[in-house]
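For reference, the structure is listed below as structure tokens.
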Amino acid sequence: MASEVAAPAAQVSPAELTEYLDKIFPQMHAQGRAFFIDEILPGKAIVRLKAGDSHLRPGGTVSGPSLMGLADYAAYVVLMGNIGLHALAVTTNMNINFLRKAEAGDMIATCRILKGGKRLVVMDCEIVREGSDDLIAHATATYSIPPASFKG
Amino acid sequence: MASEVAAPAAQVSPAELTEYLDKIFPQMHAQGRAFFIDEILPGKAIVRLKAGDSHLRPGGTVSGPSLMGLADYAAYVVLMGNIGLHALAVTTNMNINFLRKAEAGDMIATCRILKGGKRLVVMDCEIVREGSDDLIAHATATYSIPPASFKG
Amino acid sequence: MASEVAAPAAQVSPAELTEYLDKIFPQMHAQGRAFFIDEILPGKAIVRLKAGDSHLRPGGTVSGPSLMGLADYAAYVVLMGNIGLHALAVTTNMNINFLRKAEAGDMIATCRILKGGKRLVVMDCEIVREGSDDLIAHATATYSIPPASFKG
Amino acid sequence: MASEVAAPAAQVSPAELTEYLDKIFPQMHAQGRAFFIDEILPGKAIVRLKAGDSHLRPGGTVSGPSLMGLADYAAYVVLMGNIGLHALAVTTNMNINFLRKAEAGDMIATCRILKGGKRLVVMDCEIVREGSDDLIAHATATYSIPPASFKG
């Protein structure tokens, strides 16, 4: 089912976007760098969380907030990588289903744009543990792009 | 991303499932038959709503509750078609994003199982208007299978 | 917790709003009148579904789509009753949790505005069966008001 | 609308629960203590996030993942404080609407149990900035209690 964005207006490379985000959003890495941009594709992005001890909850599995943070970051990346460097775009809604437990390791979020409007961008994200096809979590996120968005 | 169910235990044909549902759930068609099962595949089902005047809202577009009804029915069908004839399975959560307006016509829901547990089954559904790839709506649904589910 | 709207700009009575909706949205009652507006209050509305046989699912309980339809209608009513007669306002997101089963009878939705912006209005709805305090369902809904909304 | 739990079976004090959580969930405070339990009431809990620089996103407002983490923690607290010390209870679904921006400061989550079942517990959380009644965010969360939950 083709839900990719037809003509990505402002696609940037993972390295360019990482450099940009490091500048405007240094808090992301306040506790060490854990999030990495693997790929930016038309209408899509792949983002990685190297989940270590600090991301675990009782029982030794990756915590809900860590996975929510990954989905939210991946949605931000696919938006910035495809629609433009809207630093001030904000999440207005996120819904996430936690499907399977995962131990510490690399969590891979594949996030795609379901609808890229001028004001609202809706995305979904599938999260797996590297090396497995089993879904750990599935999220949908809506971002709102402010009218006078500063574009870096 | 492979999220299909590995070994569909109880796959039935669209005609068999339609006959079964007509028997246990005649209210579905109280206002005339509008919902049709197109295909039942491993971990997946395709269900159709022939949206007519009674499914429209002000502005002439297919109403939210009609699309929610389609997503809910498609989720029920993929569960029954793949996991077993759990007539008493009930929706515990549904989240739906309405992405584009659609005029009356055939709405096609493609619903797949994200996680098929013994108690909870999580699915997502993509809805398009026949002949277009643009997503009209995207839903995730969770069904709960009661412990002593009667299996027809 | 005060989340009411401070100054409802366009509050109308249940009778006025019912008359208006009958005109612009006659499909609501195509299968007989089942939805009724009980009260419109500041930032709040109470709407009733007289759930009969056609609203039941296997097992004899009120169906998910019937309750989603009630929540969606109640959200529309609280928006129209408080923010203005935006007939073309559309649902962009709904999330609903089904908490308890309910047999046929009067379902009462109490819906309040969590945030009434110019473009997006977010509401939540609690649904009980008349005479009981137990929640049957809880929903949150977001409506988008189109820029050039016709106001009847 | 009375949705409180009738007879909280296992209510504990904020100090007792804090001590217990410090033992089983030390990662919560790996970056310094930011989450505090203010009150545990029947069917309800009030939890505080002292949002500092590390919780901000571009634009200087409290980040979505910080608020999701607060809602998730508050839901865990109301469950543990009312239903029992189910350390291994896990989030299965969270839906959150971000309603207004908030600058750094104390975020207060009031979380109540909508349905406290033996297996699934559904809660909602309202988040405000201390001293204001305006909702910053509204979340619903579902926790699943594993069959053989260790109770500390």
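A few remarks follow.
Which chain is which? They are A, B, C and D, in the order written, and residues in each are numbered from 1.
The working rule: contacts are C-beta pairs under 8 Å (C-beta built on N, C-alpha and C of every residue); 3 or more make two chains touch, one makes a residue touch a chain.
For each chain, UniProt lists the protein as follows: A, B, C, D = Thioesterase.
Please read all numbers here as calculations on a predicted model, not as lab measurements.
Farthest chain from chain B (Thioesterase), judged by C-alpha centroids: D. The greater number of contacting C-beta pairs, out of the two interfaces A-D and A-B, is seen for A-D.
One simple way to say how far apart two chains are is to compare their mean CA positions; for chain A (Thioesterase) and chain B (Thioesterase) this gives 28 Å.
With each centre defined as the average position of its C-alpha atoms, the distance from chain B (Thioesterase) to chain D (Thioesterase) rounds to 33 Å.
Averaged Cα coordinates give chain A (Thioesterase) a centre that lies 24 Å from the centre of chain D (Thioesterase). Those residues of chain B (Thioesterase) in touch with two or more other chains are numbered 92-93, 95, 97, 142. Chain B (Thioesterase) makes touch with chain A (Thioesterase) in their complex at residues 1-3, 95, 97, 99-100, 110, 114-115, 122, 124, 126, 128, 133-135, 138, 140, 142. In the complex of the two chains, the chain D (Thioesterase) residues touching chain A (Thioesterase) come out as 24-25, 27, 30-31, 53-59, 61, 63-65, 68-69, 72-73, 87-88, 90-98, 101. Interface residues of chain D (Thioesterase), counted against chain B (Thioesterase) in their complex, comprise 92-93, 95, 119-120, 142, 144.
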